[in-house]
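These notes open a run of structures that come right after.
Next come two complexes, and both contain chain A; in the first it sits with chain B, in the second with chain C.
Then we have the complex of A and B:
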């Protein structure tokens, strides 16, 4: 049996193929990984809907973006936090400046009242 | 410091800065329940009329001066504004709505037997008064109000008067003019049109002998000589309008077409205070002063309880006129 490189498929990392590995079981593993990814995305979206009124758009969506990038198989959690925060912040600012609409502030409401 | 670290640091800085700015922005957005964020002005008439102009001029002044984050005008035409009134009353506790209202609606509520009235709303402010004029075509034999009244007395049915919707200021004025001239108001041949534009058309095509509408609707035609203004409905002569009042010509008829804003019935005290503050700010803007001047509207600013009392009095007065005229 030839040496198989460790490879990444989504949030599950397959380091070493098991002894009972046959060509067919790979299908089951890939299907499982896909299902798990879909499950995490659906779960985090549901959680997002629930915590959005509490945390507000900025924090809730940063968390959502971060979890989803991890679910899709990103291996750079710190970088992902940065991208997620940047995206959420830009959307917040675009809605406010461009459309004159404010997204739910949640717990951030009035935190910086000394600036506003 | 190598290139990679530099890029990473720059990215971290940009992301943090954006995040902090967004957090400050979120902190200042102060919840969703303020009419400052976004407000809808409901003009209960078709685009182009007096209420529509009133709403759009207000929208412009609010937008330029940042009185509200977003201002939009929605037209809900029909039945002297009572369709729009019904919708706004049905909105219950919406905090981001103002309904344009005015004298015309009071008559409309009575004549249409409307299920809702201005008592079902929260009065915010009266902003401006407009006056109506009695006009005849430029080639009409009626040179003065006296001539016209004489014709009306001789043949009320043959002297058709065109004007706005039934129960509106124009209709009430026609009835009051008849009553003052000693004619049964019910014999007046009043032809109702949806707006001033149609009244002008009916005058120029000689369908009606005289017309009643807001001064602005007729201004261009009066200036060009196509129409002749006989009298204006103001109590006192209006500066900038060269038309004598009914009272100056010995006919005790006066009625102002006031316009203002009311809010849905369920608003909280905070929202009420905010709306009053916003309308007060609107009235103080340069754009609004300019609007009043351009349209020859008279500033009749009035807020809160004073305005609520005013609506009640006007409502009673209109009801008395309508009943008195047997309309």
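Then we have the complex of A and C:
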């Protein structure tokens, strides 16, 4: 009944433990892995807040989207980069063009002024 | 028949192209956040608040209202197709709805829930239009003491009556008050809980609180158990006609009306939305099914079990909007967010709103009716298209929620500090979910708390510190006695429930042995 399924999350993977590993140690490892996802989410949000003014919205939110989707178990990291960039770009477009709110351009400032 | 003339004028404003566009955008957004698990209409309104700052208030409120109704239209979709309700308001619909879907009647269940939501909302809105002037008349005699009593009623009702555990409800209420107190006190100019930092002088924005609690808290919570829960199975495909047959109409019509009858009064009482009435409606249908020996109920799924809770849910939303506009009393998390929106535009919902901003109130009321019609049109024939939203993988869904939450918070004032606060509150929200502390009381306390405080201080200023003024009028006495009665009843019910639960556990243990 207390069989432990393999806990996978993209590249993070904890195999079902050998039979002689019973009881507490399993629980500790499983709890550690569970907290790991929480840690990645909180950590990536903190990192996003720190680097967003420097890198700019476009790059920072692409990174945030990519890290979160990886932590939530995506198995196609390369494809994810595309989805993340598309999402970030759409938001940037909708905000600056549609609503006139400005998001920080960051290091891409030159590129943006060149496009405009 | 003053109301009718004002309502017709309201329709004229609501029918302008710009307002119709906001209505359709709101309906689509509302249905989408309703369908998607982990998103709710309260969060959608919170995220849109900073964006709508530059819009005309009428258009913004029309959009918010249709998001509110749309959320209740969409929330049953994932419940029926996946057995995972998109929101707590759809749990009661899920029981029979998913059984119907499993027996090949998914389209009919979706159709019934859309029609039920439409009928419930329509009846409730009609009642609101005709009764709101009388409620406004009643509310005009309200003084500070009455408003304070009303706020106390809301606090106690939402924390003690609705929550599973009274202690947890009170904890949530306390967290909400603590967050609301931060900042410079408007009446005396004293700094409270700012730790001397000018960043906190303006207090914590309600958007930061809502997005942190509901969006970021949810993302972290899902992250904490995503490896334990398997990915949801493929959704059942809704095929066939969504329209009930004539025989089914005869079954569901009384169920719609019964559900609406539960929903209408509960929208006006601050018990945190539509969970209670939907469950009451479901319970009634269950009892009725047993009485007429319906073999479908609980096995193949009975259509009445979908119809009644859905009608109850949207009926609550209708009267909740009435209570919000006429009394300034938020009865659910989404209504609380709309109060925050009114404050953003410098308006205070309540009896004065009908006098000062009649040009906003009546178009808004007219847009409820238009919104319900539009929602029925986009939900009834296209339920299968909405179900496609459920195909979005969970990792993209939550990554998207995270990015949009960050965007919404950053858009308030373009300050990274707000992002840090939202993250901190998100961690608090995660802890609250982990220990099953309800979230709605936090929002109600954070929004209604400052108002309650102002009214209390006004009342005490008038009476020069005599606390007796709080119970000096018949209205306040009536409110407090109803409150006491409800609390006593709910305490009895709570203890009876926990006794039953304990004995059930004991029995289970005995069976195991």
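Everything that follows uses one rule, which is that the second predicted complex is superposed on the first by the 89 of 116 C-alpha atoms of A that agree within 3 Å, B and C clash if a C-alpha of one lies under 4 Å from a C-alpha of the other, contacts with A are read in each partner's own complex, and residues count from 1 in each chain.
Going forward, contacts are C-beta pairs under 8 Å (C-beta built on N, C-alpha and C of every residue); 3 or more make two chains touch, one makes a residue touch a chain.
Because the structure is predicted, anything quoted here is derived from the model rather than measured.
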item	value
Clash or fit (per the criteria above) of chain B with chain C on chain A	fit
For chain A as apex, the angle formed with chain B and chain C - C-alpha centres, to the nearest 10 degrees	60
Contacts of A:88 with chain B and chain C, given as first, second, both or neither	both
Partner chain(s) touched by A:105 [first = chain B, second = chain C, both, neither]	first
Per-residue contact with chain A, leading partner among chain C and chain B	C
First, second, both or neither for A:96, with chain B first and chain C second	first
Which of chain B and chain C A:51 touches, first, second, both or neither	neither
After fitting on chain A: smallest Cα gap, chain B-chain C, Å	7
Intersection of chain A interface sets (partners chain B, chain C)	83, 88, 99-104
Chain A-facing residues of chain B, complex	11-12, 14-16, 18-19, 21-32, 37-38, 69-70
Contact set on chain A toward chain C in their complex	7-9, 33-35, 37-38, 40-42, 45-46, 48-49, 52-53, 61, 64-66, 68-74, 83-84, 87-88, 91, 95, 99-104
Residue ranges of chain C in contact with chain A within the complex	51, 54, 216, 219-220, 222-228, 231, 393-396, 398-400, 402-404, 406-407, 410-411, 414, 416, 419-420, 423, 426-427, 430
For the chain A and chain B complex, residues of the former touching the latter	56-58, 62, 82-83, 85-86, 88-90, 92-93, 96, 99-106, 108-113, 115-116
